[in-house]
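Report on the structure given below.
Chain IDs A, B, C, D, E and F follow the sequence of writing; residue 1 opens each chain.
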């Protein structure tokens, strides 16, 4: 089984990290193919960048010319999953949703700890659309940018642990989701420090994608995600 | 006052129709500038096309080099408004939201009548995100594509009236929103035939945009719609 | 165009202030007619007074004998708008709803800052009924009575700014609505102090009313707001 | 124990019917005092009339000069209960809420069958405000006016049974609430015909009021229903 | 009228306390029969124990061989009420729901003060299922176990008052429900100390059960609570 | 990896069918251990039976004396999952939730097709508690009992297909969940006939359980699902 794991930003080292995290959890026989969009922001931290990423991820997947069995969009709270579902016959999994839905098996309520304060509403909106919001206790931010996670992992762990503990004690969360594709490597440290289950979206998404493939299930094509109608589209694919 | 009214698709005749509808309702002294994206689909009827439109509209607005006071995104149920709000200091109005929020002044519940069945969930999702869903009685589709509205207006009126009447009698709507930028010219006909208020999103959005400008109000920049952080963005603007 | 702006309380100086605020924002050619009910409380700060105001406002409008194009009910969180909609053919706009729906164009969430703590639930209830509650971050009170706003505007600004800042930082609001007809004159001061958009309901309502008139739209008469059936009503109109 | 049961309309024969229904279910030792407002509509079937009733009921209760232990507002879906709660120290019970909350002990979902279609949204709004809406399967109308119930009880029973059966089979209700004070006398007939529990609001409200009195409980005065502040109120009490 | 009041745990002294509280509020002519399950936990403070209690209560009621008119399940936030409703023709009242629905007559929002933090989600879940959650301001815990309430009532009062005051001032509750069958005897003390209405679920449930009996109403049998189908059930009744 | 798959009823042939379905989808190296409760109903079709099943499943798991890695509760819409989560350190997966959360990856809305009409509210309640209800378009019943599925699979397929098609066309579902553990063997037939993805809860739950084990995740123990406190529990374990 081959799974494409598409980073939403154009920072290759982050793609590598995400790919490594995905490979770590993948079942024997699953090949992980990490991909970086051909255009877009070096880090996605807002709506403009997220909309660009939606198109950049679709463009990157369409230009991949080998067969594959599932696609993971490895961005937290980003736009775009619905477009991939229209374009593809294979299952598409967004890490925001995979993390939340995994967390809901583990506790009564979960919280998300993410990067900048400005990305909190984007994550809240995606959880609302996904219908996974009722058991979300809170989305909290560390104040660290996406690229700072990479450059100073120790500080990142401290900041995440502080917010995770506030989530557990003040917001009554029982599970923590790491709200950024780039937080994957910090999972163990945060879990040890907080004592509650910690869900990394990339890892969760790999198991969801594998599960859907094994179950022989893929996106329904009867209405929302029917293939695009044949029509003139100028400048697409973009790259 | 100058208001940019940006079509979401690349069909110039539709841009002209939208521009004419906007100009019809504009106050004296308001200049309407209709714009067509430089890339994207000839009609937007699904998620891929809608995400492309989000980026295409942002690209078109950024490349407009004259001053302006407000921007209207003239697509029903489309992605993108949040990105414009980040990028711009002037107010941004989406016609889906302008229609709904106008309708809510006129009756206890409203329905939207749109084009294809596949676009219904996109509109429902945008109303949910906008927090304008509780008083939405239904989103109904005529089964006609966006471009068919233009080519056969008489048939379009019949189909819209049929759905509007079902909305009033079965779904208990009291107001009808025309759920497509290209339906603007049919407004009077539908109103006469159904006997309930009919809201065209483009017209509503023009008055909302003018109102915000006159009130001296624009997008809050404290969190969700703060300007993008300075960073490397490859291939942007796209065109 | 002539718009009646009806105060909910019987304090004439407050009617004058509301009228002045409405006139300031009105378009050229719009005549603002401020009206004071012929009975009711000098300030409306609770349910008894609000129900009296509902009837007092209807009574006052019915006894106005000139033609007019729209009616604004200038009370925050008060009862009565639905009765006016039944009685009148012209559009009716409540400032609570106009403020909220205007705020929703400007940020992800908004808060209302109002007078006494006891009026908070009334405002929450009206927003719930109006279907404008989902994006309301909080309704906060300053502890100042309606008439204290007038008598000590400096203290009022301080109290409002304090609550507005708490709303932005603790409740994650991005826009502030001034939750009292009598707060209109403080709008600029609060805006300057907080750095976020501040919406005054009276001003917002004027632009909404003008917009509806220009769009040729008024209350739907098919069900909820159909004209009262002919019947015996003792003691009405009351005054 | 003495309970005031206040009709919302000015039709004395209806007050008598409501009083008889209340007396039928009252415990030994409970005295029922039926009251008719001194002004207002002969039947309440819309917002204008309902707001008048809110004030008319308060006025009537205030002018009652004997001691009493509780007040029942005997109108379905009407305004006003909150004002009584502010004014009085004794418990106040609205029949709309008493019926719904009683029905919720009896089945998974309940429906309300009411008079005219135009009153459906008023009842829905009151249930929403009361927080009793989630288990409401539907509010259905018979199309009969309030006074027609009295004049043609046989036809009324047929119409109510038809809607009740539709509620059970189509809307999945398991309990029916009779949505009009004047339907009380039809309760047994409807129950026998439909085979599901049928709740009359007046009867339910009497037991609720008696229960609150026996429990020594009354309206909380800490915030929403604190007594009105001392102030000038022109023309009140009205009659 | 005879009402069975079934404790959910197997501590006989607690059954006696509950019975005494029920008897105190019962109408003349109402006989209260307190019952203790024949198996289960000495105190119910979690899901395992609550599921056991659900079965233990059904078992105890089925083995009671005298006629009775209603059953009260005297556990806060526990499972089981639905099973009793299927099995019995008489009304079944859960104290969690009786307390909440009584509180809703008394203030705009209510809070529950319960024992251990771990039982908070159980109560929240039961209120959600009952459709009584919208006006619940919070469920707060004292940190005291069920049996500690009995052994140290003075400390219990202090702890409950502290949480009740936090509920009123921070969560904006206006009424307090005592969230444990064993808190009944503390009701007066808490009421005096907090100044807001305090609802004990056992007392409230007695009046609800009496009311339903007097109204001639019992559980609807058309769908959810239809009698169990005839079938083989191994090991039942259990004891 | 060893996964216990516990039937909720005592019909051994059904346990065998569930076990076979689980084994079919299990990964290489996963051992499926199907278990039948030692007491309870031969089929679970209501609340009494479901509560008995909750206790029967806990009893059966506790008396299993080999090591295992996860537990699946194979009943649709049944009580009990929360108790297992308290008792066990390994992940617990309910098939109702596994089916719904799997379906949500595949389409905008899903429907459940179940057995008897009386079980519909139980399933709705479990989805509500699980926070998986927003994207549920409907829960529909075939009118066939649990044991009839086994005895007449052809008729069962027809009945399920009829409801599934109604769900897709009338309720706007895009995915169908088979709402009964015993429907597993009909999955392929229903999928072929309807053309939309069909999710069997047992199969879905196996992949979820395997995923949680592989991710090293299990139930959070900080609050709701903390181990039961040490205390006297009479008659437990029951068998």
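Throughout what follows, a contact is a pair of C-beta atoms (placed from the backbone, for glycine too) under 8 Å apart; a residue touches a chain by one contact, two chains touch by 3 or more.
If you want to know which protein each chain is, UniProt gives these names: A, B, C, D, E, F = Hydantoin racemase.
Computed from a predicted model, the values in this text were never measured in an experiment.
Between chain A and chain C the CA-based rotation angle works out to 120°, given as a multiple of 5. For E-F, the matching interface among the pairs A-B, D-E or B-C, defined by over half of the contact pairs being the same residue numbers, is A-B.
Interface chain D/chain E: over half of the residue numbers present appear on both copies, so the contact uses mostly the same residues.
At the far end from chain D, in terms of centres built from Cα atoms, lies A. Inter-chain centre distance (chain C to chain D, centres taken as mean C-alpha positions): 29 Å. Chain geometry summary: the mean Cα position of chain B and that of chain D are 43 Å apart. Counting partner chains per residue, chain B shows two or more touched chains at residues 108, 120-121, 172, 223-225.
Chain C makes touch with chain B in their complex at residues 25, 27, 91-93, 97, 101-102, 104-108, 130-135, 168, 172, 174-175, 195-197, 199, 203-204, 207-208, 210-212, 214-215, 217-220, 222-225.
Listed in rising order, the residues of chain B touching chain A in the complex are 10, 38-43, 45-52, 54-55, 58, 79-80, 82-83, 85-87, 117-118, 120-122, 125, 128-129, 145, 223-226, 228-229, 231-236, 238-239.
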